[in-house]
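Below is one structure, written out as C-alpha cells; comments come after it.
As written, the chains take the letters A, B, C and D, and residue 1 is the first residue of each chain.
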Amino acid sequence: MKLLPFEKPLEILYKELERRKRNGEDTLHLEELIEKQMEEIYKKLTPFDTVLVARHPDRPQPQDYINALLTDFTEFHGDRVSEDDPALIAGFGFFKGMPVFAMGTRKGHNIHERLKYHSGMLSPSGFRKAARLVETVSHSFKVPIISFVDTPGAMVSPQSEMSGQVEAIYKSLSALLNANVPVISVITGEGGGLGAIGISTGDRILMLTYSYFAVVSPEAGSAILFKNTEAKSRVASQLHLTARELLSLNVIDGIIEEPLGGAQRFKNAVIKSVGDALQSELETLLKEPVTELKKRRLEKYESMGVFTK
Amino acid sequence: MKLLPFEKPLEILYKELERRKRNGEDTLHLEELIEKQMEEIYKKLTPFDTVLVARHPDRPQPQDYINALLTDFTEFHGDRVSEDDPALIAGFGFFKGMPVFAMGTRKGHNIHERLKYHSGMLSPSGFRKAARLVETVSHSFKVPIISFVDTPGAMVSPQSEMSGQVEAIYKSLSALLNANVPVISVITGEGGGLGAIGISTGDRILMLTYSYFAVVSPEAGSAILFKNTEAKSRVASQLHLTARELLSLNVIDGIIEEPLGGAQRFKNAVIKSVGDALQSELETLLKEPVTELKKRRLEKYESMGVFTK
Amino acid sequence: MNIFGKKKKIVLPVIQGDGQDVKVRCNSCGRLIDYDTLKENYKICPYCGYHFRMSATERISVLADKGTFDELGEPIQSVDVLNFTDTVPYKKRLADLKDTVGLPNAILAGSGKIGGIQCAIGVFAFEFLNGTLGSATGEKLAELIRFAGKNSLPLVVVFSSAGERVQEGIFSLMQVAKTVSALNAYKEKEGSLFISVLTNPVLGGVASIAMAGDVIIAESGSYVGVSGPRISEYVMKRSLPKEAQKVENLMKRGFVDIITDRKGLKDTIIRILKFQNKWGKL
Amino acid sequence: MNIFGKKKKIVLPVIQGDGQDVKVRCNSCGRLIDYDTLKENYKICPYCGYHFRMSATERISVLADKGTFDELGEPIQSVDVLNFTDTVPYKKRLADLKDTVGLPNAILAGSGKIGGIQCAIGVFAFEFLNGTLGSATGEKLAELIRFAGKNSLPLVVVFSSAGERVQEGIFSLMQVAKTVSALNAYKEKEGSLFISVLTNPVLGGVASIAMAGDVIIAESGSYVGVSGPRISEYVMKRSLPKEAQKVENLMKRGFVDIITDRKGLKDTIIRILKFQNKWGKL
C-alpha cells in the first residue's frame, strides 16, 4: 500500500510487522501500536491531507461500489450522438433487491486504467450519457438514481472544449434537477468542481469522511489565486472542502464514516457502510411522493448561498 | 440555360432567336412559336422527365424562396452537439409581416455550391439542427414553420452512418410531428426518401408541378429492383412520384402550379405563386387552435397507407 | 431499401442428408451442421458462432414465454396499390408469399410474456420481402404501439428489415411517419418503455424507427444504417465500408446501449424489464 | 475560475492627454483613440475593430431602450462566508469594490425594454471580480429568472465571467445548480425565451448556465469554455490552444446560433424578440 506523506511514521512499524510475520513472531502488540499510531495520525489530518487520502489509488472507486452493492448490474452505453465515454459507468441493477439506476466515474486503480478512463474526468459525451439516461430513468424506468462521484473535475482539452463541455455539463445538471425519481449521490473520493456538480446534484449528497468536494482542486485554486500551486495546502483549508465542514455549512446531507486509516485500508467495511447509508436514505426518500421530493430538491438548491440584503 | 434531353426540339429555335436578337430582327412570331413548342413538350412530360425538371440547376432552390419571400431573415446555426450543417438553412424572418420559422435544404446552383452543400443532402447534424430548432420554435417562439424541401435524399457516407444518420432523421421527423405550431412544407424540386420526409412532415405538404416526392429516386429504385439503373424511367412511372399522382393518392395537400416550361424559366412568377399558396394555407391553418391542428396532423399520418383486413 | 435476389442468404442453405437427417452448411465457416442442433442452438453455428437468420415465428418462440404469445387484431394484408411490376408483378410476389411464408405482412405483432412480464411484442419477418415496410406492416406496427400505450405495456420490437418497400412507393415512406407518430404518443405516457432490438440488418426508415428505442439492444455482428450496400454504392458512387454500419462500432459512437449474442438476448430483455418499476409509479 | 491580477486587461489603459482630452491606447493595434470617440463607437477600436470590455452599466445603456431599465429588488451583497484570504483578504476586496465599482455583486439585473419589448435583462459586470459567480451574484441572477417567469417576459442575459468565485468556495459552485434550477422552472413555461449573449470571456459554470439559452448569440471574437488559460495549463500540464474556445469555432461545432459584432448586437436581439409570437399564444 502506497503510504501518504503524513503516514511516514508508520513506515518503520509496517516494515517491522512484515519482518515479524515472516519470522512467525508475535505481532499482536505491534498491530495494536500501529492502529494507535494510525488513529493519532488520522485524527489530526489537515484538509489537504484529506485531499490526499481522497486521491489514494487503492480506495474503492465508483465501479467498485457498483459491483459490490448491486446485483445483475447491466451497463448501458452511449450518449446517442457521438460517443460512449468509458469514464462514466452507468446502468441498472438491483440494490437490496430493488431496481435502481447507478452511475459513477471510473477512475482507475493503476496507470493503465487511469489513462483509459481519463482518471475519472468526464468528456462531454460522458455528461450527455448521464443526461440521456437520467431522462430515460425519470420517464420510463421510474427507479431511484444513485450517483457515485470520484472525479478531479471535468475533462479539459481542446477536444472537450470543441465538443461542448460546458453545454454537456448543463444538460446533465439540468436532467438531475428535473428527475422525477429520488436522486442520491455519494462523493467517495474527489468531488472536483463542475465535473462533480454535473453528476452529483440530487435529493441527498453524502460524503465519505476522507473525500472532498470543492469548487476547484486546492492546486487549481492556488494557481488561480497565487499564480502557482504552492499555496495548495492553505487554499485547501480555506475552501472548506471536507465532509465535516460542508455538513456544517448545510451543503451536504450526511457523512458516511470511514475508519481512521481510510477506505483504502478498510474497503469492505466502507463499502458496507455506504450500502447501509444508501439503504437508509432510500427508505426515507421512497416514503415521500416524488412531486414533493422534487419540490424540496429545487428549494434546497434555490436557497443555496450566503449573502446579505 | 441548360436544355433537358426532351427539350432538344427547342435548341434550334433558341439559336435562331438569339441570332435575330443580335441582328435586331423581329422576334415576336418566333417567341410565340417557342412558347407553343414548349407547351407541347411540357404537356407530355413523363414522370421521369418531371424528375429531370425537378433537378434543373437553375430552378429556384429553398434558399432562393427564403430570401425572396421573407424579410429580415436571420439564420440560426448548429445542432448544439457537433456541427453546423451548411446543407440546412434555418432561421426566422417575416413573411408578409408575420414572424415565421423557415428552413430548407441548400442545394447549390453550381458545382462549387453543390460540393459545399452536399447537393442538399443533410448530414446527421442537419437533421439535428432541424429537430432542435423545431422544438425551440414550438416551445418558445410559437410561430408557424415553413419547410422548403429540395433534396435527392439523406447523406449516405461512412461519416454520416457513424454519426447516427438514421437516429437524426428520427429526431427531426419526431419533432415536426410533435410541433405545437402549424407546419407547412413545400417540395420545390426533389423530395427524396427519408431525407425528404425527415424535414417535410407537417399539416400541409405542397408540391410544385415539376417536383417529385418518392420513397427512393428512380435510379436507386431501379438499382434495388433491377440491379442496374437502366429501368429508372419505368420505375419513375411506377413510383407515382409526381405532384398530380400524389395529390390523387391523398398523400399531399396541394399543388403549386408552375407555368409550362418550369420554374427554371419563370423564377419570379413561381416564387410569387409559392408565396401566395403559403399565405392562403397559413390563413387557414392559423384559424384553428393548435391542439386541433396537431390532432389532425397525427390522424393524417396515422391513417396513411393502403391495405386490406 | 429492399434488396431482392439475395435469397440465398435469407433462406437457409439446406442439404438433404441420408434418410431423414437434414444438414445445413454454415454461411461463415462452411461446415455442415445438423439442423436440429442448429435450431436448439438459437440458429447459431456451433462451430464459429455465426448467427443464421431466424424467421419471425422462430424469434417469437425463443423470445416470448411458452404459450403466452397472442397475435394482435385481424390480419392486415399488403396490397398492390401502385400496380407495380419489377422483375415480377408485385401482386404475384404477395400471392406467392402468402403460400410460402404464411404471413400477411412483414411483422408478427401481439401480446405475450417475457420472463413473466406482459409486453407488447413485435417481430419483423425478414422472410417476407426482406422485412420491408409496406402499408400493412406499418399499420400493424402502429396498431401494436397503440395497443402498448392503451394497455400500459412495455413495447419490445425485434427489428430486421431492408428498409422501405419500393413496390409500395410513397406509402412505404409514409409508414415511417405513421409509426413515429404512434411512438410519439406512446412515449408521451409516463412509464412507457420501448425496448428496441436490432438484428441483422436494420436499414432505412425502419432503422430510424428502431432508433426511437428508450433502450437499444443489438445482436452482435448486426448492421444498421441508412441503406444497404447496393443502394449506397449507387448514391455514393463508391462502396460504403461495412464497418460504418456495424453495431459494435455504432455502440462506440454512442447509439447502442447493449450488445449481446442471441443466446443472451432474452435474459438481457428480461433483466431490463425487471429494472423497470411498476408502470407510472415509483 | 477567476483570474485576478489581470487588471490591465480589464481596466482601460487610460492616457491623460493635454487639457481635458482623454485618450486610450488600443490593446490590439496600439493606436491612441479619443475616449469619447471610443465610447460612441460601442468601445470598438475605430482603427482595428478590437472590442474593449464594457462595464455593466455601459452595456445596459447600449442594450436597453433609453430610460426603461429598472433594477430588480433590493441590492444583494456578497459576503465573506469562508473568511477567505488570498493575496488580500476577501473582505477587503469586497469593500474596495463597493467604492470603486459601485455594484453590490457581479450582475446588474432588472426589467427594461429592448426595441420596445419588455424584457428581464441581466448583465454580468466583469469589473466586479471578473464577473465571477459568488452567492450574491447567483441569487440575483436566479431572482431575475424567477421574475421573468412570473411576469412572462423574455429573458436576456449578457454573460462575461471568469467563472466560479474561488473565495466563496462551494457556495460559488452551488450557484450553478441554483440558477440552472431556476432556468428549468422558467423553461417549463410555454413561450419562455432565454436569449443568452456571450461576450468575452465566459468561463466555467457561468458558461454552462449561458449554454442553457434557447438562442445563443455571441459577440465576435469572444472565448467561451470550461476554464481560462492558467487553470487549463495547470490541469492539462500543457496550454490549451485558444482557438478551441473561440466562438467562431464553437459556432462551426454547433454551439452558437448567431455571431455578431457589438454594433449589430442590439438589432439582432430586437429582431429575435420580434420573431416571437405573443407569449404562450399562437
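Note that contacts are C-beta pairs under 8 Å (C-beta built on N, C-alpha and C of every residue); 3 or more make two chains touch, one makes a residue touch a chain.
None of these values were measured; they are calculated from a predicted model.
Enquirer: If each hop has to land on a touching chain, what is the smallest number of hops from subunit A to subunit B?
Expert: Contact-graph shortest path, subunit A to subunit B, evaluates to 1.
Enquirer: Using the touch definition from the top, list the chains contacting both subunit B and subunit C.
Expert: A
Enquirer: Which chain lies the greatest distance away from subunit B when centres are computed from Cα atoms alone?
Expert: A
Enquirer: A-D or A-C: which has the larger count of contacting C-beta pairs?
Expert: Taking the two pairs in turn, the one with more contacts turns out to be A-D.
Enquirer: When the centre of a chain is set as the mean of its C-alpha atoms, what distance in Å lies between subunit A and subunit D?
Expert: Comparing mean C-alpha positions, subunit D is 32 Å from subunit A.
Enquirer: Taking the mean of the CA coordinates per chain, how far is subunit B from subunit D in Å?
Expert: 42
Enquirer: Counting in whole Å, what is the centre-to-centre distance of subunit C and subunit D, each centre being its mean C-alpha position?
Expert: Result: the chain centres lie 53 Å from each other.
Enquirer: Could you tell me which residues belong to subunit C and also touch two or more other chains?
Expert: Residue numbers touching two or more other chains: 253-255.
Enquirer: Give me the residue numbers in subunit B that touch at least two other chains, ranges are fine.
Expert: 80-82, 128, 163-164, 167
Enquirer: Write out all the pairs of touching chains, ordered by chain label.
Expert: All chain pairs meeting the touch criterion are A-B, A-C, A-D, B-C, B-D.
Enquirer: Taking the complex as given, what residues does subunit B use to touch subunit C?
Expert: It comes out as residues 153-154, 156-167, 169-170, 173-174, 177-178, 193-194, 197-198, 201, 213-216, 219-221, 223-227, 229, 231, 235, 238-241, 246, 249, 251, 298, 301-302, 304-309.
Enquirer: Tell me, which parts of subunit C touch subunit B in their complex?
Expert: 1-5, 74-79, 81-87, 105, 134-136, 138-139, 142, 164-178, 180-185, 204-205, 207-212, 224-227, 230-236, 240-241, 243-245, 249-250, 253-255
Enquirer: What residues on subunit A touch subunit C, complex-wise?
Expert: 72, 74-84, 92-94, 99, 101, 125, 128-129, 136, 139-144, 180-182, 286, 290
Enquirer: Which positions of subunit C touch subunit A when the two form their complex?
Expert: Residues of subunit C touching subunit A: 187, 190-194, 214-215, 251-258, 268, 271-272, 274-278, 280-282.
Enquirer: Please give the residue numbers of subunit A that touch subunit B in the complex, ascending.
Expert: 80-82, 128, 163-164, 167
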